[in-house]
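Okay, got some structures for you below.
In the two complexes below, subunit A is the common chain; its partner is subunit B in one and subunit C in the other.
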Partner chain A sequence: MAVPHGEQSSFFRIEEPIPTINAPILGDIGIFSVATTTLTTVFITFLVVMLIIKSSRAKLVPSGSQHLMEIFYELIAKFITQIVGTHEKAKKIIPYVGALMVYLIIANLLPLIPGLNSLHLTIGGEHVLLFRGATTDFNTTFGLAVAVVVMMQIVGMREQGVFGYLSHFIQIKQVIKGFRHGIGSGMSALISFMVGLIEIISEFAKMLSLSLRLFGNMFAHEVLTVILLGAFAFGVPAIWMGMGLLVGVVQSVVFVALVTVYYSLVLKKEGKEH
Partner chain B sequence: MTPEAAIYIAKGMCILAMLGTAIGQGYLVGKTMEAIGRNPDVEASIFSKMIIAVAMTETTAIFALVAFFLLG
Partner chain C sequence: MQSILDILGTVGFNWHVALANFFNFLIILFLLQKFFFGKIGKVIDTRKEIIEKGLNQARDSEILLAQAEETKSEIIKNARKEETSILNNAHSKGAELAASLVASAESDINAKHQALKKEEEHLAEKVENAFRKKAPSLVASMYAKTLQKEMTEDENNALIARMQV
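Up next, the complex of A and B:
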């Protein structure tokens, strides 16, 4: 899909091709295809590793950029404690979810750095962005969501035992217990058995809804930026790009908030008799 | 009707999903304003929650938008 070239004056227009859903492929390494978003992902990973090295050298008395990192950490910690309620639970959740937050905020805000959008490549006669935002590729967000959901299963099994966790999905024990009590409670146990099976599907639905939400927002933002630049190149796209700051931060906060809720649900059943 | 025309009609129908999202967001923001009006002290804590809820409500429209782009 490309913006049609009109006959009229293009003084107020900056015409660029509308980004496609699939990121353009640069080449192959072995069986893996390297897309333009792969470059961005590698770049972000490099930034995160730099951040880890920097934070491992933290001093007791902060100075310089350590102030900034501590402010950021405290914001995340406060936010997560607000969602889960208690400090003990928050301490368990922060290391994993905080890292996710840092990654997502860098990934969402990186394309807004002026200059990165000017680097173009020509592949097969078509101009493509060299550094397309990592979260505008469905593979990135789906990978993140799958990692999160798989992590939840592992945490659940660690916290409640393998059989204790799996018995939320396949509630055979409760059905047998219910029928021993009487036919009425047996029937209601049978219904909760079916609900348990639906829970399995909802685990997969979590993956899809988490990844599609992030991908859709970031990709739609990208496409609308290009369309606005093609329609009227002064003023209006600047406001929309400023909106990109809000969208990027809010979407990473939403992603992290949902992951925190799922995480705390897995922890919550600890100690409760089922 | 050519296949291309069918695609355009389908795209228009995709955008209809935004009707529900608009109603939901309006309700959400309206209720937030009402709560702030009753108790202005909680504005700071309610506002951030409203932003998150609005972003979640928006998801439905975003799903429709993804479908819109997929109907190339």
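Up next, the complex of A and C:
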């Protein structure tokens, strides 16, 4: 299949090192380690700053790139509204989910930019990609998922109040109330209490499921691309890279859709506010 | 905990890198939330408000226009009615005036006609009287010229007497 590292490339086969599951570490800054994927995320930050500079000139009468930005915003808003139900609810989470979408779209599609994959570094005699796809590293997707879940808790507490939100997880009051009413309702409250504890575990499970799904798909795509390049240099990898465009967008949408569903669960139910 | 880290290690988990990526994403999230989605959202909302306001104003204007059209047609209708009544009034008054003018003119003409007739009669009488006064002398002078002879006192008187009968 792929040309083993060290063998010569031919006209029909391109030698590319198969990406390792661990992103190569370039160095440490304090407690933080800088991997090749961290460089990509820094590059994404730079692109985001450029986007922000561009958007700072937004006017009431749009022109040029502002049209694209507004189309993107409207698409995100429509997408979120379809999931959460109302525009008012959607408006509360557009910045969080929208930022995630921007990040993921750039991160997933960045490796498809021609030339970017040609930039290599040599670490310990090994050729490594300078800008490895950010989402092909579990540390990126995990950091992303943790940030999303943490933000979700903050949004939930802001929406329902700290105690109101935490009472979904630790339902002691309900247990006491239940036992005061009778054994039957006390037992059901106890079950709810246990379910609440399982909810805490499910919050951690969300981090893992979100991060592993995205990482698995993107890493598998990257590995398959290299393998295909090793087997056929022309034609097939091009189709597969085209598929990469679809995979990148679909995975971003799946991640964002799931996060939106999670956010909609922590938002107040309509009519429950008062 | 160690076992969880070991399991995650099989997929390349390194908490130092994950922490860096976590903070990196938080920075991106903050930047996008504050300066991109906030700004673009505000611009879109403001535009929507302006458009909605404009549409409402247009709708109000349409209602006002319809009302104005209604008032206009009402005013025109009333004006037409008034115009017809004024015209009718003017026609009847005109006819009345014309009739009275004709009547007064006719009476004037009659009066003048009468006066002229009287004057004519008076003049005729005057002429006749004058002629009667002068007639004998004229006749006498005609007689003298015709006959080549002066009339006598008696002849003259007899002539005058005959003429005055």
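By our rule, the second predicted complex is superposed on the first by the 251 of 274 C-alpha atoms of A that agree within 3 Å, B and C clash if a C-alpha of one lies under 4 Å from a C-alpha of the other, contacts with A are read in each partner's own complex, and residues count from 1 in each chain.
Here is the rule we go by: contacts are C-beta pairs under 8 Å (C-beta built on N, C-alpha and C of every residue); 3 or more make two chains touch, one makes a residue touch a chain.
All of these numbers come straight from a predicted model, not from anything done at the bench.
Judged by the touch definition given at the top, the superposed model places A:34 against subunit C, while subunit B stays out of reach. Applying the stated contact rule after C-alpha superposition, one finds that A:21 touches each of subunit B and subunit C. Legend: residue contacts after superposition of the two complexes on their common chain; A:69 is shown touching subunit C, with no touch to subunit B.
Looking at the shared chain after the overlay, A:139 reaches subunit C, while subunit B stays out of its contact range. Contact with both subunit B and subunit C is seen for A:212 once the two complexes are overlaid on the shared chain. Of the two partner chains, neither subunit B nor subunit C is touched by A:189.
Partner contacting the larger number of subunit A residues, of subunit B and subunit C: C. Look at A:251: by the touch rule set out above, it reaches subunit B but stays clear of subunit C.
Judged by the touch definition given at the top, the superposed model places A:223 against subunit B, while subunit C stays out of reach.
In the superposition on chain A, contact of A:152 is made with neither subunit B nor subunit C. Overlap of the subunit B and subunit C interfaces on subunit A: residues 21, 212, 215.
Interface of subunit B with subunit A (complex): residues 51-52, 55-56, 58-59, 62-63, 65-66, 69-70, 72.
Here subunit A touches subunit B in the complex through residues 1, 21, 209, 212-213, 215-217, 219-220, 223, 250-251, 253-254, 257, going by the rule given at the top. Contact residues on subunit A toward subunit C in their complex (touch as defined above): 20-23, 25, 28-29, 31-35, 37-38, 41-42, 44-45, 48-49, 51-52, 55-56, 58-60, 62, 69-70, 73-74, 91, 94-96, 98-100, 102-103, 134, 137-140, 142-144, 146-147, 151, 212, 215. Those residues of subunit C that touch subunit A in the shared complex are 8, 10-14, 16-29, 31-33, 35-41, 43-44, 46-47, 50.
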